[in-house]
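Working notes, structure below.
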């Protein structure tokens, strides 16, 4: 399980994240919600090991988090793939890097689960739609069976209809594969629909966190309430009795 | 701002040190026995071993690399380039004499180059894409492909041999400088034209110009303050880059036209294995470059503090 | 663009086929026929030792063009490696490589090449060394610039996360992005190498006689400038045409890249 213990991450001399603590168990989904600039991407970078924490540590099963080889689904699918290589090449990179053998059956199953036809993978990133590209991104993230998958605004590049659909595909795959999911999003509606827990990030600190239902129905902080009300107003969150 | 400038100066100093090291290392590892070559050049006969060893000890080849390097570097910092291994005379005065021959030639070449390229660039940019513009670009491209020594030879052939209008070899009279300077100027004008042209064009096409015009800033003031200032950036770069070109061109031209100067100074020093002289030439030319580049960097920052690295 | 490609193809063909289509042996000395003007037997005439100039030109292509090609490719490899080390190796590696680049850039091209070739002894080996040592820097700057911008590109981050080896990352993700810009730089350096080799040959520091090289041919021709001025035209013309063609290809490439 993922444990983020009191980390502080600095850029130069300025702290970007203060005293962040989180935990995440396998099979569960944690949504990190916040405005732009709150530090969500930095948090992801820290968990992935791309940025070092000046204070605190991040572990998976008490080992440094990098040892579990967490995967990342990026916000913008087009830049997540090398434009000159076939999608298949990129998808298989995690397998190739681990010098493991390709389980063709698994690949086919995942493709089916993501509603991707196998010959789609022979194409280049520029030759498929954004929705398809994002699903291939998810495919790549899952192919090597990582216990932890991070999602950086996985739906924001997609149109509304595709968003709901893709979110459901992710949730179904999570039930099948059993990975822990940490989803960074500014969409409270998405968090409410699919997350077990929500953490609200603001200016580098966690304003509040807890079970998703509680965060929506009864936010503990004023900021939490502001976010929720904004989401209601925009219609991304439906009032639940 | 002062920290930035200080950083630039520090960088230049490091680079100078590096070049000194590289120069010294190269000559240190030269094949053959330099002592032998020096002795030969000095005494004009094949010398017995004892004499050769004496030459070696005198020239400092016996000491280790770093000792010799610091022993050499120290005096250089105070302007003492040591003595010629061959003639025993101080290097610096002879080097200065050589420079005094090369500098006027280089300046004359630059002047001719500017005389050709500035009007050409201005005319070309008056009507971008027009006949004159494309002609200028074509000329510049051809000019960049012509080897300087060939150009010099052709000019000698035409003006000295065929037409007998101008003298070719040597530096006896001031007329002797015409052909060499012309060669140099023509060669330099090719790249000068290209850079000036694109610099002026870029400055003319700046997005803020229409805005200024609408506000009534007059044409000539516009040219002067804004076009000139933005064109100054690439123009200043040009001078820095062309300096290298000029120096090499002058060396080459001197050799072709059999003129005294840095060219013959360098070549004869190399052939005689006179390392102090070779090192002196290299160090001085490198120091010139680094200093000029430093001044250019500083000038950039002063003209427009927003500009970052001016190098391509 | 097409005409430029045709030009380039012609030169490559010349360099490769030159020796086979040359009518005479370039080293065959024929004193009685020395310094003859162009004729049916010797299309461009003969030089001071009676050797056919056309044949020497064609054989010389191998040296002036072929050697330049080798030199520019070696420079490409050295410079790209240095640039990538600077971009990927961390702050210290970057600083060292950048200072080294600045240092070598401070040496005037020709002077440095003359000194190196002169000190190490004239000949092909020192010629290659001299031109490579003075020619890798531009590649390094370009490679470093592109390398730095690529580091944070999405797919490069993904490759690093996947645990792909640095070598594989360089091969699959950096090289394809570097190749277009590096090729443009390479054309410029190829032209520079041609000019450099013939310049050093003309000064006597380069390829040694009797090997036909365009620069050394000019050196020979210069001695006989009064009697056979025509001899000076051909080698120079060869250099100009080749360099011009390569520069045109380079410009076309650069324009194509910008779109």
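Order of writing sets the chain letters: A, B and C. Residues in each chain are counted from 1.
FYI, a contact is a pair of C-beta atoms (placed from the backbone, for glycine too) under 8 Å apart; a residue touches a chain by one contact, two chains touch by 3 or more.
The model shown is predicted, which means the values in this text are computed figures rather than measured ones.
Visitor: Through how few touching steps can chain B be joined to chain C?
Guide: Shortest path length, in steps: 1.
Visitor: Which chain's mean C-alpha position is the greatest distance from chain C's?
Guide: Measuring from the centre of chain C, the most distant chain centre belongs to A.
Visitor: Central chain, going by Cα centroids?
Guide: Chain nearest the centroid of all protein C-alpha atoms: C.
Visitor: Averaging over Cα atoms per chain, report the distance between chain B and chain C in Å.
Guide: 22
Visitor: Quick check: how many Å separate the C-alpha centres of chain A and chain C?
Guide: 51
Visitor: Between chain A and chain B, what distance separates the C-alpha centroids? Give it in angstrom.
Guide: One centre to the other, that is 58 Å.
Visitor: Where in chain A do residues touch at least two different other chains?
Guide: In chain A, no residue touches at least two other chains, as defined above.
Visitor: Which bits of chain A are touching chain C when the two form their complex?
Guide: These residues of chain A touch chain C: 48, 50, 69-72, 74, 76, 79-82, 84-85, 89-90, 93-94, 96-98, 140, 144.
Visitor: Which residues of chain B touch chain C once you look at their complex with the stated criterion?
Guide: 11, 14-16, 18-19, 22, 26-27, 30-32, 141-142, 144-150, 153-154, 156-157, 161-162, 244, 247-248, 251-252, 255, 266-267, 270-271, 278, 281-282, 285-286, 289-290, 293, 311-312
Visitor: What part of chain C is in contact with chain A in the complex they form?
Guide: Spelled out, the residues of chain C in touch with chain A are 153-155, 157-165, 168, 172-173, 176.
Visitor: Going by the contact rule at the top, pick out the chain C residues touching chain B in the complex.
Guide: Residues in contact with chain B: 99-100, 102-104, 106-112, 114-116, 118-121, 141, 191, 195, 198-199, 202-203, 218, 222, 225-226, 229, 232-233, 235-236, 239-241, 243-244, 247-248, 251.
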